[in-house]
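The structure under discussion is supplied below as structure tokens; questions concerning it will follow.
Chain IDs A, B, C and D follow the sequence of writing; residue 1 opens each chain.
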Amino acid sequence: MPAKLSGIFTPNIVPLDARGDINEAELRRYVDWLIARGVHGLYPNGSTGEFTRFTPDERKRIVRIVCEQCAGRVPVLAGAAEANARETIRACELYQDYGARAVAIVSPYYYKLSPESVYAYFREIATNTPIDVTLYNIPMFASPIDVPTLRRLAELDRIIGIKDSSGDVAVMGRMINAIRPQRPDFVFLTGWEAVLVPMLIMGADGGTNATSGIVPELTRRMFDLTRDGRLDEAVALQLRLIELFDTMLYSADFPEGFRAAAELRGFAFGKGRQPLSESQRVDRAALQRVLQCILADFDVVDAPVEGCLPRTGDIEKDKVAQLAQEVMARLRERGVV
Amino acid sequence: MPAKLSGIFTPNIVPLDARGDINEAELRRYVDWLIARGVHGLYPNGSTGEFTRFTPDERKRIVRIVCEQCAGRVPVLAGAAEANARETIRACELYQDYGARAVAIVSPYYYKLSPESVYAYFREIATNTPIDVTLYNIPMFASPIDVPTLRRLAELDRIIGIKDSSGDVAVMGRMINAIRPQRPDFVFLTGWEAVLVPMLIMGADGGTNATSGIVPELTRRMFDLTRDGRLDEAVALQLRLIELFDTMLYSADFPEGFRAAAELRGFAFGKGRQPLSESQRVDRAALQRVLQCILADFDVVDAPVEGCLPRTGDIEKDKVAQLAQEVMARLRERGVV
Amino acid sequence: MPAKLSGIFTPNIVPLDARGDINEAELRRYVDWLIARGVHGLYPNGSTGEFTRFTPDERKRIVRIVCEQCAGRVPVLAGAAEANARETIRACELYQDYGARAVAIVSPYYYKLSPESVYAYFREIATNTPIDVTLYNIPMFASPIDVPTLRRLAELDRIIGIKDSSGDVAVMGRMINAIRPQRPDFVFLTGWEAVLVPMLIMGADGGTNATSGIVPELTRRMFDLTRDGRLDEAVALQLRLIELFDTMLYSADFPEGFRAAAELRGFAFGKGRQPLSESQRVDRAALQRVLQCILADFDVVDAPVEGCLPRTGDIEKDKVAQLAQEVMARLRERGVV
Amino acid sequence: MPAKLSGIFTPNIVPLDARGDINEAELRRYVDWLIARGVHGLYPNGSTGEFTRFTPDERKRIVRIVCEQCAGRVPVLAGAAEANARETIRACELYQDYGARAVAIVSPYYYKLSPESVYAYFREIATNTPIDVTLYNIPMFASPIDVPTLRRLAELDRIIGIKDSSGDVAVMGRMINAIRPQRPDFVFLTGWEAVLVPMLIMGADGGTNATSGIVPELTRRMFDLTRDGRLDEAVALQLRLIELFDTMLYSADFPEGFRAAAELRGFAFGKGRQPLSESQRVDRAALQRVLQCILADFDVVDAPVEGCLPRTGDIEKDKVAQLAQEVMARLRERGVV
């Protein structure tokens, strides 16, 4: 029986080449880099990995490349959601052949389904697949998996855990209360690194955190400090990392901020699949400068040569400056100034 | 220049065979039936058509079949959204070859995108496609297309209209105010038939209404009465149709209620792609009996031989009866009674 | 038996004097002006009248003044919600003595109550009050009154109608379907004037519309045109009024935009009860200039002497100009320019 | 300078007598009991205390009684929100005279205000009051106080802390990051006891927790264990208390479940101000039996003589039983069985 999943799994971004296709060489280099920096596992075809923006064939190729490159050094949790249960089951079979340790399957999305339908969907898959299944709950994007539904699904042996991206620590507590007495082996992972330390304290086994694709060494350190009972240090790091997480998450449409930050670590991720408008390209460049400043505070990259504005202190002033820059940029575009 | 789109477009359901594959013969028969009953156009790969639950190849096959079977009798508005802009543009090219009059493209979903990203996405497509594009706004499922974004997109000639499923009559008024002065030809379609008549009065050109796949003759009549100024009759029919719409929409996860109702019109739609639990199968059978009673009131089907319970009147009593039946069914399942 | 309530009821704003107290003289003058301009009734202590920001004694004084000043010329619908059912019942008794035609009672707010609690609350009041009760449904601010709950409440004779501010035309249809067969006399009023004409067409009896406190002549005309079957004119006016409504509603925290607009009609409403920050005072002055331009288009006030910017056309340009003005104003405040 | 607020503050329920008036004797007895069981402070006129359902005079009387009875044994944090800023300031003055340590003021509710208005409101109060002010953020009921607004408000000396009932541990982290560097004395209290331990670990100073009005000894123990670094015991207790919290919170309209539970500790709280329907009274009795079972597990009350059903295990079976009981009860009411 394989070891229980635990620790930090990176939902890795997929580098693209100049034509917008998967940049296989860079993806392999990125996988190596992540493993060398200490992540406990990889998680291709997650939300950070923009699984919905690839074709079925591309999704399969991504898992194949990641599994090959990992070559058993760390377990691979493969995102396997396809158009329907039948297609998803086929992907599961393939990913087992590729050597994935388990699959993660997001709850049905687009349509908002009732708990009964969510149950029927996962039941259909779990009773027809040869590979271990991790449920993926991300209520801001997909039909929620509520606690009673989780309880029913945990009766199926093939379902071994849940990855929860609600970010609600109380929900983690409720899930643990509902499942652990019957299934002490059931795995609880959090996808919300703004509260990784509180989640681990509450009983989670680890996280699938986009931030670990940018600062794998820090996410790993946060995990280790918590496990070693060095709570003050863990919380101090947690509080500092919130700024990085928030900036990546809220300053651009997800996951563009994470892509912008990851590039600063020395990888060519290329233009994303979601087109950017002209003003978004300007904003992205500005965001990347801010991200470089934040990362420099953690000593993982150098500060920009032009220096960094103080980020704390009088936010109001920053906002005025930002507004003024925006206006000037717009006026310039139109030839007014 | 082709005639402006107007009237009732049916977002047709796709019949499936015993193996869960597209039932082409039944789909062709259904297309003929809809046209014979007076719908003004067809709309494959809409939300009612469960476009997300088919593979890319299946989606293309569905459009091909519908276009072939229509054979120019009514215009086809083809749902063309694929995994990303590039794939969507390829589908657009194909659908033009198939003879579709225009495509309808839903706003990006899963990720909740900002207005700027929604703009960039549609701009990318509209400036690279040879076929007319109808925007599809369905804020309950996908990133919203707000009025300022619509205004910017309406500057692109290739974008000829919007299909709005918000159901908000004020939003329809705002969109008309924003666009019609510059683009009197721009098409406004509503996807919310509970307010089809008010939408038409406010200025909409027509609707893409799932209900027209079940009672095409009545949806068409509602449109004609409104256009002919027979408002009292139109509103009376509108009010009566709300019960049918609500029952189909809220009694099961969308679009299962519409599939259940459509079967009553004599088509074999087969088991849907989303699995049903045991209790959902029981509920669906009960729902279908209620739907048959409602449809019988409109004289489009016969009432069930066992008769119909009064639907108005003392709801409380019905609810107790329903609860009692549920409990008994559950107890019976478990062998308790 | 008194006539059924119908037509336009104005939820009147309360003028305040320099000390922030009720400006009785101005309130009386405003009441006369509204009646002279054709509103069918008055509605003190509505949301527009900021009932929550007055003390219980002030609320009672407001109703007394309005009833006195009306002196039977038009019916008064008095907002009667107090801290709990007992206090509300006492207010109802008082308002009957003052001569109000009926009371309007908002669903319990702050706590979000279940339908059963909403029912119990209104039942308690309706079975203990001597005056006719209109339910007030405003789901964006208070516990919703859903259709099954409305159906149960409509079994109580004392409850004679509902004022719905959801703005959802389908909901109006559902309520009419549920109640009118049993209670043909039941009154349906809409609080959402962006869709007043569609609501009237769907079967509503009238509206309690904040806009009627600013342009009573136009709101009244919209009602009359619809009733007279002059639908094209009614819809044309409806579409034009959306701009005014939206500007008042969305450009400042409700109901400050309505207060700013009402002042342009020649009344001294004074500083509101909710404090404004410095930048809000600047924004309000700018908003008032825009409102004056909109009202001037309707010929109800003169345009500002400095003229009006085009409001339609290139919104983007307006937004840049607005941004630039904002930045300059902020920089000036700080002595930077 | 008084000691920084910290620990567990009880938002105490107000006992009512047979006529629905404040039961002063019982309130005094309850205050004594809470202090004897170890709570660090009292918090009259909180949401649990149903402040909106009392008249202004009653609210003042409640604070007076609590302050008198406390007599300095523990600090009193008095809920002071009234109809508007002026009235609130008057209440603040009075509560200082009564001996309250500080006031807690909820963000404006009913209307959903912008951050700028929230700022203006609290600024107006904080610059005109003689007593320390704690902000009260409860986004599910009132206009939210976001982090940038909190940062601006923390520049005012009179504002000494925030009580946050969002339940979002990441938000607590963001607030601490934003304020503590400039205001190390600023107080952070959580109102969401389902995550009290994680909140304390993240850096909160304590909590204002309704649960402490029911099991003050356990809430206090959870606080002490966390402060003493006995984290495993703290989390174990936290996880167990979630069941009690959830049952009180979600099984009846807030705060009725807390009132039902508190009665089990031996106090006569009387009928609440919000009327209950007949079926709600039945449900409440059933809920109280379940609550007694949960409390018995904590050894704070005796189990009911008729025994307790197992609460964990097969929830589905419980649900069928519950449904069956409900149906039977309803049928019996109507004389059917």
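As a convention for this text, contacts are C-beta pairs under 8 Å (C-beta built on N, C-alpha and C of every residue); 3 or more make two chains touch, one makes a residue touch a chain.
Source: prediction; values computed, not measured.
Fitting subunit C to subunit D on Cα positions gives a rotation angle of 180°, stated in steps of 5. Compared with subunit A, the chain whose C-alpha mean position is the greatest distance off is C.
Annotation: 34 Å between the Cα-based centres of subunit A and subunit B. The distance from the centre of subunit B to the centre of subunit D, with each centre set as the mean of the Cα atoms, comes to 47 Å. Not a single residue position of subunit B touches two or more of the other chains.
Interface residues of subunit A facing subunit D in the complex, by the touch rule stated above, are 148, 151-152, 167-170, 173-174, 176-177, 181, 192, 194-195, 197-198, 201-203, 231, 235, 238-239, 242-243, 246, 312, 315-316. The residues of subunit B lying in touch with subunit A in their complex are 20, 47, 52-56, 82-87, 108-114, 116-117, 119-121, 123-124, 140-142, 253-254, 273-277, 279-280.
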